[in-house]
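Next come the structures, one after another.
You will see subunit A twice below: alongside subunit B first, and alongside subunit C after that.
And now, the complex of A and B:
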């Protein structure tokens, strides 16, 4: 019997996992990444002559297949520039379920922020992450797995929220079973970014405030340690243990971040008179500088000419 | 508030305050009412012109330059009526124009872009 080395074994495993695209319009071009549910390949759409991403299960499994199909359906109902559009869904000749979506090239948020990015740029980026989440909530969909690894920054600065595999449809009149299909008792999410109610495994108790918590964790990660008090207060409020103490929804969280960017008072932080004066002075510093220049000119004229 | 309204409001208020500084000049005190009125009208006119410019141009840099120019020009015309105190009138007048220009862009609402229509 001949031995087989580790690299040959891993190549063999990859080859076995490779999707059978025979008889389809797709041709394999490479691997984009792997996840808990399956692998994402880069494929060539021979009909439309473009590259798309193809997500396929590693093994045929009816339970996970239902989740993959539901993820595709959830994505299909969320038409937003910050959410990857789905192009096609089906079953490959090898029996594995798949769906194709836009192939997003760019940097993951965690890699993107290793470059020098100013605080205001980080906050504007955060607002662009919050926007598709607020949109999804308005459509009755929770993401439930928000983390820097699931946000992609495109080459033209476009922000896309990825991996809706754990998404939960809150209310769906056309599919009453949709809200239960991800498993009520399973602990779903990523430690560090997962809300306390998700950690407890209670899927029924999860609402939009779970994503508010995750976005708060993303915000805290994006701004890093030593942030100014109003920003710390925003993170603290979003990351409150009791969901009643958090922002009621993503728009309220985004509004507070916008207020901070505009130099206005944030709802999460009550400031004293001195802090308020400093903030207003900073916000109107140019106008104050011109007024000071005017007063200086007047004082100099008065001093030297007596007029 | 739109940029023209902000320009008129800020120009008028600054005109009043600028006129009131004449109180510090003892020889001008008897004419303080006329000076304040004239300064207010000057501020209102300058504010309206600067606001109109800011509405059309929408550039902070150009509005600051234009505001300074308008403030200096109107102050020069006022100074010429008296025939003296050119520096004492033009220099603060220019700064009032600069401040009005800044205020119109910073605090005034920019005109809404026209939405494209489908044919």
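And now, the complex of A and C:
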């Protein structure tokens, strides 16, 4: 048999994996990344003279193909700056399903946060991750696989939530025959970021609070250990075992994080008088400093003039 | 070579696993020969690394293993719904080694090898050095077994590709593929290949593309022969060609 060394073996694997773009408007430019369902390539759209990302299944597989198509359809109905727009969907000459989307260059959240980023910057970033998820929920779509690897930070600081391959459509009045989920009924998601109801494999019992749980896990991951009590309480509430104990939706979670950023009391944490006084002092530290300076000046005047 | 790609999975050749279970002796021989020609290197490598057997003993045990596959009808007992063929065969090797260590078994060694309907493709001596180098860098015996399996699948596919190209009068297309994709280490540039072959650079890319497309089809065909069910075929194809394939 033909001798194949390790470098040739890697090349052959890549070569046979390469999508057949003959007869299409796309020309292969590189590999952007790999995922559970397939590979994302960077391709040149020869009609529009621009680069786009092409996600293609590694193999022709009817089951996974349905998931890929569903993902494209879900993305197409979610027009939001925090969600990658889909351009095209179809089947390549080699029988594999694909869709094209905007090519986003940037850093994944897990890599982005290795740089020195302050807590308030992290929290503002978190709010921008929560925003497209809240939007998707308003459109009846659950993400179901939120984790740092699925968030991209663009070169201009734009935040994009990626990989909607496990998304679930809650209501679809316009398409009653459509599958309700891009995944099947097996356990879907990523351990560590997956809600208990997802871990149990109960697809029917999953609602927006499953994403609240995952966002809570992302928040906890973003702020790291040793967070202040109100932030800990927010994470604890989002990560409650029973979904009834969690925030009812992403807007409520985001509102609590915003309150914390503004120095206001968060709903997840009951503070005592001392904690409240400290928080108010911190929140109004400029006014307090002015009053203190005024009182000091008055005291000095009183001391030297007796008036 | 230029016909449209086969859509979906190929089904032109029958499963060698099914053939090895056939009532027809010639079919059984063909099936076993295919399985053996892909698996002998993984089996030998695994015996060297996992069971720390020296060259001579690993070579003998490999032969003995395939003799057992025939005598004990191991392929007939393979159930694709329970495991992949390569996992099953690896478990069979473990069983063989455990038994082999018993003196009674050792006496029978080689008894079945003479009846093996196999060709002379077991080049243990020739491959020894290469495999020993791979053993030094392997993460685990299982990883080495998988890698050698991938290499054997591609090697078989490349052999068939060469034959098909020769029959179709496309030897030059294959030659370009060979010089570019099979080159050990650093490969030549498209421009260098074009100059060497006396064709334009665009012809190099077009020919490479066509050959690779055929290779993909043949690789899936080989995998079909080495699997016992459609589901196993998809799993193996995903392992070999998918993102997780190492």
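FYI, the second predicted complex is superposed on the first by the 299 of 307 C-alpha atoms of A that agree within 3 Å, B and C clash if a C-alpha of one lies under 4 Å from a C-alpha of the other, contacts with A are read in each partner's own complex, and residues count from 1 in each chain.
Just so we're on the same page, a residue touches a chain if its C-beta (ideal position, glycine included) is under 8 Å from a C-beta of that chain, and two chains touch if they have at least 3 such contacts.
This one's a predicted model, so the numbers in the text were calculated from it and none came from an experiment.
Visitor: More subunit A residues touched by subunit B or by subunit C?
Guide: C
Visitor: Contacts for A:140 in the overlay, against subunit B (first) and subunit C (second): which applies, first, second, both or neither?
Guide: So A:140 meets neither subunit B nor subunit C here.
Visitor: Now for A:201: first (subunit B), second (subunit C), both, or neither, which partner does it touch?
Guide: Once the two structures are laid over each other on A, A:201 reaches no partner at all.
Visitor: Thinking of the overlay built on chain A, is A:298 touched by subunit B (first), by subunit C (second), by both, or by neither?
Guide: first
Visitor: Of the partners subunit B and subunit C, which touch A:59 in the superposed model: first, second, both, neither?
Guide: A:59 sits against subunit C, while subunit B stays out of touch.
Visitor: Have a look at where A:39 lands relative to subunit B and subunit C in the superposition and call it first, second, both or neither.
Guide: Second partner only, subunit C.
Visitor: Touch check for A:287: first (subunit B), second (subunit C), both, or neither?
Guide: first
Visitor: Considering only the contact definition stated at the top, list the common interface residues of subunit A for subunit B and subunit C.
Guide: none
Visitor: Which positions of subunit A touch subunit C when the two form their complex?
Guide: Where subunit A meets subunit C, its residues are 1-5, 7-9, 11-13, 15-18, 20, 22, 34-36, 38-39, 58-61, 93-95.
Visitor: Under the definition above, what is the set of subunit C residues touching subunit A in their complex?
Guide: Spelled out, the residues of subunit C in touch with subunit A are 4-9, 37, 121, 130, 147, 150-152, 154-156, 158-159, 162, 181-185, 187, 209, 212-213, 215-216, 219, 234, 237-238, 240-243, 245.
Visitor: Give the list of subunit B residues in touch with subunit A in this complex.
Guide: Contacts found on subunit B: 21, 24-25, 27-28, 85, 87-88, 91-92, 95-96, 98-99, 102-103, 106.
Visitor: Under the touch definition given earlier, write down the residues of subunit A that touch subunit B in their complex.
Guide: Result: residues 286-287, 290-291, 293-294, 297-298, 301-302, 305-307 of subunit A touch subunit B.
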